[in-house]
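Below, chain A partners chain B and then partners chain C, in two separate complexes.
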Partner chain A sequence: MGELMIVMDSTGRRRFLKKCLAGVLLGTSGRMGLLAAGEQGASLAKSRVVIARDALLRGAGTTVDSRRMLSLLDCAMQALFDRDNPIEAWKKLVRPGETVGLKVNALGGRGFSSNLQLVEAICERLQEAGIRANDIVVWDRDTDELEHAGFHVSTGGNSVQCFGTDRVDYEPDLVTHGSVGSRLSKILTQRCNVLINVPVLKDHDGAGVSVALKNMYGVIHNPNKYHPNGCNPYIADLNMLPEIRTTMRLTICDATTASYEGGPGYKPEYSWKNNALIVSQDPVALDYTGWQIIEHKRVEKGLKTLEADGRAPHYIATAADAQHRLGTNDPRRIAVVEV
Partner chain B sequence: MTRIHLSKRAVGVKAHGLLLLMLGVAMLLHSSCKRQSGTDQSFFPASNEVAGWAKTGEIRTFEAADLWKYIDGEAERYLKDGARRVSTTDYKFHNKVDATADIYTMGSAEGAEKIFKSEPAVDVKPIQMGDEARLSSQSLVFCKGAYLVRIVAFEESAETQQVLLQLGHGIELRLVR
Partner chain C sequence: MSCALDRRSFLRCGLASGAALGVCEFAQTLVAIPSWAGPQKQDDSRFTVEAKFYQKLQNKKIKCKLCPRECTVGDRERGYCGVRENRGGTYYTLVHSRVCAAHIDPIEKKPLFHYLPGTLAFSLATAGCNVNCKFCQNWDISQVRPEQVPADYAPPKLVAELAKQHDCPTIAYTYSEPVIFSEYLMDTADAGHEAGVRSMVVSNGYMQEESLKTAYGKMDAVKIDLKAFSESYYKDVVVGELKPVLDSLVTLRKMNKWTEIVYLVVPTLNDGDAEFRGLARWIKTNLGVDVPLHFTQFHPEYLLKNLPITPVPTLERAKAIADAEGLHYVYIGNVPGHPAQNTYCPKCRHMLVERVGLTATQILIRKGCCPFCRQPIPGIWHA
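Showing the complex of A and B:
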């Protein structure tokens, strides 16, 4: 993104997007967000997956620059929603009065959790789109993990809320779908009616990759039960739960630092500074795209593909199958837009 | 009424039983606590025991049954090779380098070696430490006996590797075969 003009006029932007779409690498209709579904035609359009990059995201140092991150996020959101203005893009997603949960991933600790500058940028734009600060909850399963990852825990007051499920517990009753029977976080069921998924792009020892769909393991009380057989069909079944499916509107995958091996924990030797965001309303298409990025990196590093390593993420195909229809894994139906 | 008019002996027996019960509950809580004390604590050098390194975090220990709470998604691999627990804490070197040190206690040296060898040697160099070790620009991994040690730094600088080695040696010296 370093060379990309963030602010374009309408004609320029459309020309730019047209060019991007003409160069589509992969190609769906996935599950569109509630507000975007009508305009995009969920059943007919390709699923758009935007990959926004900024080679200078960290400047000369190792820390992500907040200003450049905000620009990168704007660039991704404008390309995803085909809007000239970032606030207009966000208004396509949320309405004032809604309560928004940002499901981050703090399991990887400070080195490999959802990027703080990214989460701050999302919160800033949500508020500019009319969401009250205290109607935004940044959350994951455990408050200590959030703190350890660098998040500032906040409960009450008028600021953005940030805490783990350990502060409010899980619902007492199990919800089930297929192979899954779990208790859901009360943050999901009682504190937010819109879910924005903010996972990290990772290799995963069990599932093959951990991107959007796998991040929902952090909303249940018993994720450790769902790792056999490459987490398949557990990941897909979990994402079928109505409490997840009906609230999930967008995934903003933090691919600023990503791993191609040794995941999901942080191992710097198998990670790289990718300086990118991957954004989509189709979590299956996003996972498929993330998988391809990781495979390319593995090839570059001289490693076997995940398939050859016996770790292909078969859960992605399950999530797209006729029993789940959570999105598409058909590259002909995924429009990857690189900005 | 009968319970009110207990004899002194009965009261004594009951109090003794209650004490035992409380002791049992306390032991149970202690054993499942995330931040428990244990022998692994002594493996972590105290602040400035290794020059320049300050221990900045408390030691957290996750037993085998709770390993997933620390390394969800990887726990199965470690358990398969006999992991008994992991202890972890944070360090800081002169306000320049932050690091996390994990010490996995496996059931045997073979288990530690299996985990070590299962990780590909990409962008790393082998070094002399413990039984086997490798160093990357931001991490040091080594096994010694039934222990697997992983130290991860969050900043990459000219001195990161050197100071990681120093902290690694500090831990290695404390590991008992």
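Showing the complex of A and C:
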């Protein structure tokens, strides 16, 4: 598949949808407010973004409880795919014989990388959906960073694989789109035919926020070249590469710990235990939703909005524009579902 | 694997290949990784040295003061060049002594035409660059992070020793962008001078005044790639800025550094008469008529594969315009056998240096002057 899958609102299985806030849940950007009246409500198709939350995810401690995480993931997937059974939900996403890459974010060390229990839960459900363990690769750009984040590196045998692009290198040839010309990780091009994006939710001093789309910087050899101008249009152009678009099927954003300031590095003083997952097949809608969550927290903490701080994530609008169409940033076309 | 670089293995890097760039031997694949796996990452501790040009900020951030980009870099992040990393609020270069390309080249290849013609330059590079030219011929080392390209450990004294042993009067910092390995360049230049070996740099000149003065102050000659004479080209094609480069040229002039300028003529993008004329007039006004200017031929590379090779008449038009503006030494480059590769006396028009390809086949200059009319010819002609 190339384009995002638009999930229509459904009347079924609403027991999973404890709160379904269609349309604008978390505020409307100024840009959207400028749309002509005739455009409003022009389409009934909405991108579904599921926010699954569990206040008791960590119990009384600080570590995420594995069983509760699995349940949280199940809730999110069932809500997203409108299924009673979590395995059925995963079977809507993958088929036996496919090789699945979980592109995590390991830059933040143990404190702020993709959650280990979440990744384990995803791997467990993928296998129950028929994917062989060694057809699953948990990866990011650098093996040391994965280890530093707590992942157990595995490069052989029948277990889930886990290593960085440094172990296998990047493709020798460039791929290009618009402002971007890069070499892609061989894990993406030679190892996976399905990509599941597992980013974290964080503030980013350059891009404004770093959620789903920005996490693809870990797929290429030269991300340092794409930080000027708020990473715009680089993030959108990068996600247009066919090798990414055609394999990307789902984003499961780890929002168990999130940051609202001081990113992208981990600063405990600017982070909070959000105990949530954000799941969608529309990465633009997911990024827009994540942005609004961070803005909400900034207001709560008495900080200026990213817009007022001169760091609004304009790349999101670019990703949604007519030249990219990677998803929607129109809150009227985003169905945010809280479970 | 062994990254230790003895003389023999280092010279293999430099001498074994006739290609434009040599790539050193590197790590072998480790066991227990998939068959399609490649090399392991090097331990970078030997290559990691605190950077010289940066400012510490709050929250463990730093501001790089090496080039005009002034990257603000958070902890565990890197700047635009990809070879400098903030580790806990201290900024490090990751490419000190980390040589990914090494060759012995004629000095004419740089090109320097008024500097020790007919001699060799021990030429080296690390990974990285502070711009991203769409036409880069060496993008596979300039547009990568250091851990993404095979490299070897070549400390300054070893480089100086090898240069001397192989009759290279000059060490050349080239191929990628030496701005980003300034610390290594400075240390190697010092080691070279102690051993009686000079240094020259091939650079884009996109750097801050302080770093320019400190780093290139140690150079005996400089070649600046002036990539165009318009800010729009610098913004769109180079991902940089013109004005700081012009400022660097003026600063080098004030420092009395021997400097030559290369202008790569890219069809349709920077090949207009007005741009050539503006360039020549600016050089004449700000640097003087004796600065050599090389108009070189573009070949489709990297992200500009859709454009043709620069037609020779375009290069000849550029030279004619610069000649007409009064510049004394205007050359045409990358066109083997073209008569505009030779040096002529600006007064009596006798040929003084004949070049065939990258070789100086005749050098008639005597004591820095034309032997026919005694006109002084600017440059560094003798070691």
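Keep in mind that, in the parts below, the second predicted complex is superposed on the first by the 298 of 339 C-alpha atoms of A that agree within 3 Å, B and C clash if a C-alpha of one lies under 4 Å from a C-alpha of the other, contacts with A are read in each partner's own complex, and residues count from 1 in each chain.
In the analysis below, contacts are C-beta pairs under 8 Å (C-beta built on N, C-alpha and C of every residue); 3 or more make two chains touch, one makes a residue touch a chain.
Just so it is clear, the structure is predicted and the values come from calculations on it, not from any experiment.
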| item | value |
| --- | --- |
| Simultaneous placement of chain C and chain B on chain A, clash or fit | clash |
| Touching partner for A:Val168 - first (chain B), second (chain C), both, neither | second |
| Touched partner set for A:Thr143, first chain B, second chain C, both or neither | second |
| First, second, both or neither for A:Leu107, with chain B first and chain C second | both |
| Contacts of A:Gly156 with chain B and chain C, given as first, second, both or neither | second |
| Touched partner set for A:Asn224, first chain B, second chain C, both or neither | both |
| First (chain B), second (chain C), both or neither touched by A:Thr305 | neither |
| Touching partner for A:Thr246 - first (chain B), second (chain C), both, neither | neither |
| Which superposed partner A:Gly262 touches (first chain B, second chain C, both, neither) | both |
| Touched partner set for A:Lys186, first chain B, second chain C, both or neither | second |
| Where chain B runs into chain C (options 1-9, 91-99, 109-117 or 127-135) | 109-117 |
| Intersection of chain A interface sets (partners chain B, chain C) | 107, 142, 205, 224, 227, 262-265, 267 |
| Interface residues, chain A side, partner chain C - complex | 107, 142-144, 155-156, 163, 166-170, 172, 174, 176, 181, 186, 190-191, 205, 221-222, 224-225, 227-228, 262-265, 267 |
| Residue ranges of chain A in contact with chain B within the complex | 62, 107, 109-111, 142, 204-207, 210, 217, 223-224, 227, 261-270, 301-303 |
| In the complex, chain C residues that touch chain A | 32-34, 36-41, 59-60, 72, 74-82, 132, 134, 139-140, 143-145, 147-148, 239, 302-303 |
| For the chain B and chain A complex, residues of the former touching the latter | 68-69, 71-77, 98, 100, 119-120, 122-124, 136-139, 150, 152-156 |
